[in-house]
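Have a look at this one before I ask anything.
Letters A, B, C and D mark the chains as written, and numbering starts fresh at 1 in each.
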Amino acid sequence: MAGNTFGTLFRVTTAGVSHGPGYLCIIDGCPAGLELSVADLLPDLARRRPGQSKLTTQRDEADLPEIWSGVFEGKTDGTPIGILFRNSDSRSSDYAEIRETYRPGHADYTFEAKYGRRDYRGGGRSSARETICRVAAGAVAKKLLARAGIRILGYVIQIGPIRATIPDPTRLTLEQIEASPTRCPDPQAARQMEELIESVRKDRDSIGGVCELVAVGVPPGLGEPVFDKLKADLAKALLSLPAVVGFEYGSGFAAAAMRGSEHNDAFLPAARPYPPPADPNIPPLASETNRHGGMLGGISSGQPILCRVALKPTSSIPRPQRTVTRSGQPTQLLVKGRHDPCLLPRFVVMGEAMLALVLADHWLRAQCNRLDQLPAAPAPVPSQEQHS
Amino acid sequence: MAGNTFGTLFRVTTAGVSHGPGYLCIIDGCPAGLELSVADLLPDLARRRPGQSKLTTQRDEADLPEIWSGVFEGKTDGTPIGILFRNSDSRSSDYAEIRETYRPGHADYTFEAKYGRRDYRGGGRSSARETICRVAAGAVAKKLLARAGIRILGYVIQIGPIRATIPDPTRLTLEQIEASPTRCPDPQAARQMEELIESVRKDRDSIGGVCELVAVGVPPGLGEPVFDKLKADLAKALLSLPAVVGFEYGSGFAAAAMRGSEHNDAFLPAARPYPPPADPNIPPLASETNRHGGMLGGISSGQPILCRVALKPTSSIPRPQRTVTRSGQPTQLLVKGRHDPCLLPRFVVMGEAMLALVLADHWLRAQCNRLDQLPAAPAPVPSQEQHS
Amino acid sequence: MAGNTFGTLFRVTTAGVSHGPGYLCIIDGCPAGLELSVADLLPDLARRRPGQSKLTTQRDEADLPEIWSGVFEGKTDGTPIGILFRNSDSRSSDYAEIRETYRPGHADYTFEAKYGRRDYRGGGRSSARETICRVAAGAVAKKLLARAGIRILGYVIQIGPIRATIPDPTRLTLEQIEASPTRCPDPQAARQMEELIESVRKDRDSIGGVCELVAVGVPPGLGEPVFDKLKADLAKALLSLPAVVGFEYGSGFAAAAMRGSEHNDAFLPAARPYPPPADPNIPPLASETNRHGGMLGGISSGQPILCRVALKPTSSIPRPQRTVTRSGQPTQLLVKGRHDPCLLPRFVVMGEAMLALVLADHWLRAQCNRLDQLPAAPAPVPSQEQHS
Amino acid sequence: MAGNTFGTLFRVTTAGVSHGPGYLCIIDGCPAGLELSVADLLPDLARRRPGQSKLTTQRDEADLPEIWSGVFEGKTDGTPIGILFRNSDSRSSDYAEIRETYRPGHADYTFEAKYGRRDYRGGGRSSARETICRVAAGAVAKKLLARAGIRILGYVIQIGPIRATIPDPTRLTLEQIEASPTRCPDPQAARQMEELIESVRKDRDSIGGVCELVAVGVPPGLGEPVFDKLKADLAKALLSLPAVVGFEYGSGFAAAAMRGSEHNDAFLPAARPYPPPADPNIPPLASETNRHGGMLGGISSGQPILCRVALKPTSSIPRPQRTVTRSGQPTQLLVKGRHDPCLLPRFVVMGEAMLALVLADHWLRAQCNRLDQLPAAPAPVPSQEQHS
């Protein structure tokens, strides 16, 4: 029980279902003094929104957040940030049939086995609409990280068999990524992906893919061995998203076929390292290559964080599928409703959000790494006279 | 800070370094009444031990656990289980050189950047010897799970380019796995892997690989949406292990190239399902295939849990490598000491341990899923007379 | 940072301030299957509401909760319960003056010193209106506890120097407590308290008091040594409420002057104990007296839980008080606005709520105490055939 | 389950029982760079040790800690600090009788009701010897706090009916407190207390008391509303200690009888405040009186933290007491073994330790209060060239 909170110091708690009145999101632990308004949340929420292109579902939702608390006179004030989203365009009737039948690939059966009941209206709590809270919280985290010099970007690198070529992930711009409705910054691959998604849709089918995520400007020293390693918390964060079935960083699964002599990244002195270690006694360092994906021993190295996640094809496909009813009878089900034939384009901003939440949390946790970072006692010995 | 505790209800906390006096392991939350003795820990500790074969490092350590608390008259008594391991065969002199130089692929630089210092004796806290605590805790978790009907196994499926064929992971026996020093249960692949590791060793190099983990008998309903999904906590647990660079479950990264129509597992009525849902109103159910790896919506489905992790090649290789000194000077380093040319064979039991810890924790958490599982008030209305 | 979540398994997170749009409350971990509707929350919310009598502030708020999630078809469904409260009757102009001045006894200075800013409209996050979320969550917890046979009551036992006499706290009824606007179930003391509060109000002053809380039907075995003892978590829960400055259970501070021979409660066999230990091998037991307040070693004994909390007099009094401005100048401040001259009557339900949250959390945690409470593996050995 | 960990960022986990091999203590989250050795732990351990005077039990234990990890070359290195204590002088035979009988006032019955079994050798996990871990961890916390300018002291202010007079708690020295075996710094009261304890011992009885704890130099801003208020975490910390039955801070229970006009502390400008708020824009402030015990709204105000805890008389008294056997038969029990007739003198250092753990944890948590405390991005815009 009680799995709806994420993070240690930068902590997000959410509630809500897709076909109820809406969603509640509480962000606890954001330092006071960060400029924040609804406008800061809108760009990422727009990127998450359905109906952006013909590649995504046409369900139309305003997705306008209401900030109820935590911001005072334009800045965070240290109290928890409370955000609401109202649901609007929900057609519950679309979902009436699945009340009695378990959709293949969905959480219908597992929720019911777990709780003895399930909200059968559109997936209930397991609906991907829940990620609206994560994207909002991620936008706050990104703003906090930006001040620390950390920048986050995600993009699509594979859809079905089509794999993009990204010469240098760290030089990508948001514009390059948003240029295609696929959010793949390799224009040629993007065109092929677009055609593939369109053809898959016409086939009444769906298709999987891979999203890559990058964070640059992450200072060395983030991540808490041995259990809360940065790579471990990233894996958890990303696997907690719907449809994610795999995570790797740096060389990832390709490392399985490699030798140490070709895998180890040689260290180099860095004339102008970015970002530098906080401690001036530690030398600036770079690595010739980044097969370690910016993490060594689960701690950030100062090199860009690079990871990838695999998504399965959308489970809801407009085809009859074999399944079983609540009374245990075999049946065929044709799932109705509007569903993305490929989750990847809209996933990008969800992945970025989770990456941002992990980095914000670990950046705060890292503030207490070393005594010499922390304030020492005021020099003058206290006069106790005033404390009688 | 404070990343050395894992789990919510079944909770493990560890301390210790490879070249200090030893390790401390505290297991909190194991239900009282479980028969437990040192003998229960020894088999898995033996599987983890270095020097089991020519494929693994020859460092010889007794690895004998001392249980200091939590077991009384042969059974756990509800208080925290305290376990100690003493270090014996540590040759600190082997590591004198790396004091001033950062080993490529290791956590030397990141620990130092994080904490302003580092225990340079054998990796300190980042040494894989730390997993001795996890393996011991995992053995306790396995014993708890066995009583619940849950069985866990891990094995090697890939080393370098050699990939094993496992017809049915759920029918494997421990004997089949332990038959080869590679812990690969496909005899033909195992022989090739053995040769490859031997040749890699002679090359003064190392090699990566993939380990697969299976849990059968997991009842439907384990995993806590939306953040503490079973798949998310598994990913975190496994990525928290040294050298792990990727995680996938079910179809995993292969799902990226699949269509929904080929990926979704059809549900079937199950005449004799195992394990059944706790609620008799929920129908028995199976799935024709298990591309979902036993988890849907991050909750166990009753089908076997199936996941894989990728390990990079051992970073310590007995070859000169380019790196940088603590004063920022480029240099060449030849890492001495005894190191496995391939981590996979000994990794298997570490992976099993983390899988067991996650399942034990989630099995306990799942006990409070539903009101009808929980004890109701005793029938007779209380007579208050005795409470004056 | 991040202090707005309470509990381990039954977990409450809140956000909101007194003069913003309203409050968000998320209850995570309530088992599925509990009948719940807005009507279940209203009685306790009505008891918390200002303006119930001339003894309490006349601020008028509807305090109507909106349940946005977590309840489906009349029952909790295992997903987080999201509750909203809108603010209505806020007169921010009343608070304009305190923007530049720190109110004595309030958190104005400490919030500003902590966060570098403060919401000066009516106390912001430190307003007692925040307890509306706790009372709602407490009502859910009470409903869960009622099914387990646990009943909770609070009442006023002291206001200023007037101390009530309660012959048997465990036999009190809600009616007896609610009979007086003071919520003191001793009619004679209640009348004197009422007069005292009225006279204090006319004096433009305020007055402190003591609230007693009782839980009957608590089974033996709740509380987790050594840090999460039941007494420890109760103390934290109650001290987390505004204005609470002391906590004691059983004999409390009076024990300081007692001898062991007069303090120890003799154990007695109990012919008809209530509630019994879960384990039939443990004998039924009662104690002759209950100076231990129902807890021994921080674990519930089966005897009634009995504790008391002291509240300071309301800090806001309509008199000029010496203080300092934000620029450090000494000044006099006359706090405006509507404030209870005595917090005790409305506090009772807040205290009950926190007691209920702690007991619900520990009741859930106690479900995993012993292996013999937990489900064992299904008898028939699994046929693995269907898991291919 | 799982209640043996305390703290969020400065986190202590313990295991061990009084009559097993010894205790394990893991301190996680201590910043790297703190000078630390066994010698730092010895003074407080000596103050906790039994047999210091005729007022305390004569059980003789060396109480020598072994630091197994977390300290490297004389300083903490950021990894968890692992400490061991071996048990030596345990006479299990003394406790043979209580195997079959529940001692009044002890946790024998509640542990058995909870876990279905109990370690009957000297209280097992509920033995006060467990505080040896807390005192060691508290000594580390005190060292960390000292560097931040925070000083902690505890002392006895009441034993039985004898109450000490302490003109100014903030000016007390350790020497004044240690001058009497009672640890009461009022010499006249101390003499009376000593006589009382001696007479109580001769009576084969025990006696309760009150300990006061002070922290000076605590900067304003520690404590996390709304649940992790400083006062709430202090209450939990202190109530988690054996025999503590009450907690109050500042005016405490006396506030119940006070009016707001006499209770509120007037704020004053402070020419030379100590400690100052971290933010130079917040004015220096003092309060004329300290009835608020250094906390307002659950956040430290900069004034000294002042709290008191009540302890019940030692439950073990060498007199026959009425109780019940494990088979439910009434009986008389004469508890053997060596027990302090009054817990207060040795309690002082345990109370200090818990106060130190809470302040260290909250001091670390407070480092992330405000954005302007936290490092901003390095000025030069990153050149991405080296991150290819």
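Methods note: a residue touches a chain if its C-beta (ideal position, glycine included) is under 8 Å from a C-beta of that chain, and two chains touch if they have at least 3 such contacts.
These numbers were taken from a predicted model, which means no experiment stands behind them.
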- Message: Tell me which has more C-beta contacts between its two chains, A-C or C-D.
- Response: C-D
- Farthest CA centroid from chain B: chain C
- Please report how many Å separate the Cα centroid of chain A from that of chain D, as a whole number. 42
- Query: What whole-Å value do you get for the distance between chain C and chain D if each is reduced to the mean of its CA atoms?
  - Reply: 25
- Message: Using mean CA coordinates as chain centres, what's the gap between chain A and chain C in Å?
- Response: 37
- Message: I need the residues of chain C touching at least two other chains; which ones are they?
- Response: 1-5, 8-9, 14, 29, 31-33, 78-79, 111, 114-116, 125, 225, 278, 364-365, 368-370, 372
- Item | Contacting residues of chain C [partner chain A, same complex] | 1-5, 7-11, 13-17, 20-24, 26, 28-33, 66, 68-70, 72-73, 75, 77-82, 84, 111, 114-119, 124-125, 364
- Enumerate the contact residues on chain C facing chain B in the complex. 8-9, 29, 31-34, 76, 78-79, 144, 146-150, 168, 170-171, 216-217, 225, 270, 272-276, 278, 286, 290, 303-304, 364-365, 367-378, 380, 382-384, 386-388
- Message: Considering only the defined contacts, which chain D positions touch chain C in the complex?
- Response: 1-6, 14, 102, 104-107, 109-116, 125-126, 130, 158-161, 200, 203, 205-210, 220-229, 231-240, 242, 244-253, 255-261, 263-269, 277-279, 281-285, 287-288, 292-293, 295-302, 310-317, 319, 321-330, 365-366, 368-370, 372
